[in-house]
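Following are the structures in question.
In the two complexes that follow, chain A is the common piece, with chain B as its partner first and chain C second.
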Partner chain A sequence: MIARTNRIALLAVPGLAFLAVIYALPLLLLLIKSLRGVEGMTIVTYVEFFADSYNMTVLWRTLRIATLTTLLALIIAYPTAFAMARAKGIWLTMFLVALVLPMSLGVIVKAFAWSILFRSNGFLNTTLQTLGITEEPVRMLFTETALIIGAANVFLPFMVLPIYSVVRQLNASLPEAASSLGASPWFRFTRVTLPLSLPGVVAGSAFTFSLAISMYVIPSLIVGERQQTLSMLIARSFLYLRNEPLGSTISAILLAIAIFVVLFSSWLVGRLGARR
Partner chain B sequence: MTQTDRITICIAWIIGFACVIFLMLPIVITVLTSFTSSAVYTLPPPEWSLRWYQSLERRSGLWESVQLSLNLALVSTAVSIILGTLAAIAVTRGEFRGKEAIATFTVSPLMMPGLVLGVALLQFFREIGLRDAYWSLLLGHIVITLPFVMRTLLASMSAFDFALIDAARTLGMSYPRAIFSVLIPNLAPAYLTGGLFAFLASMDNYPISIFLTDARNKTLPIKMLQYLEEQPDPSLAAISTGLILLAIVVLVVASRTVGLNRMVDT
Partner chain C sequence: MTHRTLAGLTRRRLLKTSTLAAIGTLAAPALLRAQSSELVIGCAGSHTAWMESIVIPHMKEAIGADILFEGTKSSVNLEKMSSNKDAPYLSVVQMDDPVMIQAVEADLLSPITPDAVPNMTDLRADATHMEGMWCNYVQPWAGIAYNTDKAEGVPSWTALWDPANSGQVIIPSLQNTEGMWTLMSAAMLSSGKPFSEAQYETDAAFAKLEELKPNLLTVYTTMSQAFNLLEQGEISMLSGNFSSYTLPRKAEGVPVDLAAPAEGIFAMPSGICLVKGGPNPELAQAYVNEMLGPVMQAAIADFASSVPANTTVTAGAVVPEGVPIYAPDWSFVAANRAAWIDRFDKLMAL
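Coming up: the complex of A and B.
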């Protein structure tokens, strides 16, 4: 038996070998390249990156946009997941279609649709003016708010689904038991429901955040080149400026943030699971 | 149920409905603008027309891009399913250290910045002398599709009763044969959903493909972004409406065979 289970482990070899060569190795080489100077190892490109106030502005903007996008998505997704968990029949189908269908629509199309909506002569402005909410067209396209709304829209399914799958399996008798023992609704939510749903929240937030720090198409279509993000800097340094060391350095920084998010979130989910 | 409970549930439903409308908005906008008679995007359209669908025929290179994207998506999904099945069996059934780490590693490309991966692959392929755009794209797309397959397969296989495989083996089947005739049919829903999401992820991939294409091999998203830069007219909305229609057909088929609820289980 032991011999067989060990042989079974070998089945992972082709997939792992593939990912090691075509995924991990290239990323490692990229890291090495970002550290390689004219002679030997150097961190001069990093020093230059962090010394440049423009780069720091872009870094903070990227982190701020990703954080706000994740928060907006979470605020919409959390109640939605609970409504979904109670939904049945046609209502559940409606939720599922609304989540799965947009995922099958390309990100370019969605970003483009939002850029149409946000135009000053666009649908949103016309509606606002017809309803008499505003007199003048509001400048929406090219703003950070527009970007966050568009990005939250694109990443929303990745936030709702993990929370939904946790909430759905949540044992309804636990909150009931808490209230029969005299717990107030607020106490019941903060001590029973919220902690049990946290693994879904952490997984969804980590996924949304890592998608949002690295998005490229959405900001370039909604805010344009004037307000750059880290991804736009990477694309620019490789495709237009031909400055590969700079591009590799920014890539390595973005990669470090993403790896941190992956490790931190899986550690957090593990701890939340252990506490149960 | 107390008063507070009713209010909370009511609020959850209101936000849920708002969320559905919010999610569907880009789709509705795209479909509406594709039928406009106007050359600019105005909503609602001044008049309905099919002119942007007709204009697709004159778009040079569009059909080649569609073919290339379909080809890449199909081949990379198929390869991912093979590699993914083997790896998922190993992780679920094998007894060795670092199983969790392997599972995390195989799913991790999903959370890595796409552009960074694209840049890394560009430099790597250049260094090993791989100049062929099709093969570069294919290898890159397998990295994107594999995690989708792994995620669903890992979840479903851990719920699968492997005693069935042992039973088939006792009855004289070889191990590979038992996998083919017992495991795979049982996990058909997981294959369909994992494969579907992998396929769509490949069709939609922009950040990796942009670094690996050449003048002759342009995938559909890259072609679409190029049209957008050159001439942003509603023909792009017409292409997208075609893709939405395709997605709806696939979803209807998938929900009939698997059920929508099982599709979102991750």
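Coming up: the complex of A and C.
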């Protein structure tokens, strides 16, 4: 007779089967394709990819954009999550609606909205000139800065919600205890609050980084073809160069980076949990 | 032990019935679709306006077809056809000539014949290609679109390179077929040869394109986004745009116009083809026949300010007089396009 816990575990079988067929199998096929040459298994496409300076530029740019997007999202999300954790009633509802509602808006609509904002005669440039900060319009459209701001905007909920879920469960008496023992606000934050909230920060950062490193539509619309990312290289390889081995290789590299980030963050969360 | 429900059904029977019902529900759309009057058409995203307003209502009335169209780039349509070669879901695809050549080489098309598509006999001789593998159904011309608030005209292709237009120009990527016009103009200006000869001067073309970089705001793959920036005055010129896109917007009062530079403009024929093994083949042939017939030819040519392919139709675009129109060697383009895209992307990268 199957133990009750094992029977409950069987409930996960449909989900695992779905993931295996829809997710794992195509990825495995992609990996095999990246390693298949004319005369059998080979790593030549990987060697060619890393030997091409253009590809390395794109790889570096992708990592840089994903990292900066994650950092910007974290800077905005961290205090927001604390405000939400302390909010009650209508305020909490408003915070959640403000956070979740923009997710229902398509990225294309947002991209066009950003293009209005970032134009030479757009709101930001007009404001800068009105305030006398700049005399001439500043080039914002099709810049990496615009891309990072846009991406952080899209991925912000994925950073806020994990931090919020951790911060909400923090024991408020711990900082108070530190305070009663004479700890300064800075000491309380760095030695009590921040360490306790780190699992949420790591989880949110892993989510955001994984999404940012593989984004396609946002860079396509905001910075265009002159500043390609790994995802754009993949699309270009499959659709326009019709080079499936190259596209599969770049996909495998992108997947490896994402897997490393998820595994590393899981390990880090485990370590931080153990310390607590 | 047999468990009985309140209704008297056995649990086994209930499970069996539920499973069959679930399978039936899941399979129903496919079964219905196989016998439906639905046609999935692949076409250019820039054709959305007239596909929605002209083609779809006409096809419902004329041949009873329910049209689902997927507007995207020709290269993406080619990839869809290639990926689904064993089980095609597209019946008809409308795309650019160089991509048609690739589709023929990949054995993705069924020939169009006068027996099944009688209206093809009324087409211009140069509108039927590779023994009927595809036909051109409409032909816009391509020049330089410009914002009329910023310029009074664009007399020459050299204007793209003019230092006065620093940061004011957007060109199409070579991923888009219209990207070829800037490449060929660069070849013409760099080599000093006419377009018909200059189109083979690839190195000269890329050398000249590199000189264009200071003037570029960006390189586009999504034309609607680039055109929006032109309309709003963020840029002054958009290279390689079509009469079928610019002139309808001009007619709506938007401050844009399409210049025909003195050195020459380009013919941008759009093709229509039957997907090999595609669903509803007879309905697909009827759709193609209607697209090549006088009613659709006149309506599309009029709406899209382009030249009709059907010789019995006199409506359509006003092609600029006194300016030569060039059609490139599409087979040369098709053979070299992937290498050009790779070179172009690396050259233009920031």
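Keep in mind that, in the parts below, the second predicted complex is superposed on the first by the 265 of 276 C-alpha atoms of A that agree within 3 Å, B and C clash if a C-alpha of one lies under 4 Å from a C-alpha of the other, contacts with A are read in each partner's own complex, and residues count from 1 in each chain.
In this text, contacts are C-beta pairs under 8 Å (C-beta built on N, C-alpha and C of every residue); 3 or more make two chains touch, one makes a residue touch a chain.
From a predicted model like this one, the values you see are computed outputs, not experimental measurements.
Chemist: Which partner reaches more residues of chain A, chain B or chain C?
Modeler: B
Chemist: First (chain B), second (chain C), both or neither: which does A:142 touch?
Modeler: It touches chain C, and chain B stays clear.
Chemist: One more residue to check, A:255. First (chain B), second (chain C), both or neither?
Modeler: first
Chemist: Output check: A:14 vs chain B and chain C. Expected answer is one of first, second, both, neither. What do you get?
Modeler: Only chain B; A:14 stays clear of chain C.
Chemist: Under the stated touch criterion, which partner chain does A:79 make contact with: chain B (first), chain C (second), both, or neither?
Modeler: first
Chemist: Scan A:119 for contacts with chain B and chain C and give back first, second, both or neither.
Modeler: both
Chemist: Identify the partner contact of A:57: answer first if only chain B is touched, second if only chain C is, both if each is, neither if none is.
Modeler: In the superposition, A:57 touches chain C alone.
Chemist: With the two complexes superposed on chain A, say which partner A:228 touches: chain B (first), chain C (second), both, or neither.
Modeler: So A:228 only meets chain C here.
Chemist: Which of the two partners, first being chain B and second being chain C, lies in contact with A:46: first, second, both, or neither?
Modeler: Touch status of A:46: no partner.
Chemist: Figure out whether A:238 sits in contact with chain B (first) or chain C (second), or with both, or with neither.
Modeler: It touches chain B and chain C both.
Chemist: Which residues of chain A are in contact with chain B in one complex and with chain C in the other?
Modeler: After superposing on chain A, chain A residues 112, 119, 121, 221, 238-239 contact both chain B and chain C.
Chemist: In their complex, what parts of chain A are in touch with chain B?
Modeler: Its residues touching chain B are 2, 5-6, 8-12, 14-16, 18-19, 22-27, 29-30, 33, 76-77, 79-80, 82-84, 86-87, 92-110, 112-114, 116-117, 119, 121-123, 126, 153, 156-157, 160-162, 164-165, 179, 185, 206-207, 210-211, 213-214, 216-217, 221, 231, 234-235, 238-239, 244, 247-248, 251, 254-255, 258-259, 261-262, 266.
Chemist: Taking the complex as given, what residues does chain C use to touch chain A?
Modeler: Touching chain A: residues 73, 75-76, 79, 167, 173, 175, 216-222, 225, 228-229, 232-234, 337-338, 341-342, 345-346, 348-350 of chain C.
Chemist: Within their complex, state which residues of chain A touch chain C.
Modeler: Contacts found on chain A: 54, 57, 111-112, 115, 119-121, 139, 141-142, 220-221, 223-228, 236, 238-243.
Chemist: Would you mind writing out the residues of chain B in touch with chain A in their complex?
Modeler: Counting only chain B, the residues touching chain A are 2, 4-5, 8-9, 11-13, 15-20, 22-27, 29-30, 33, 41-43, 83-84, 86-87, 89-91, 93-96, 102, 104-106, 108-117, 119-124, 127, 139-140, 142-143, 146, 150, 197, 200, 203-204, 206-207, 210-211, 221, 224-225, 228, 236-237, 240, 243-244, 247-248, 250-251, 260-261, 263-266.
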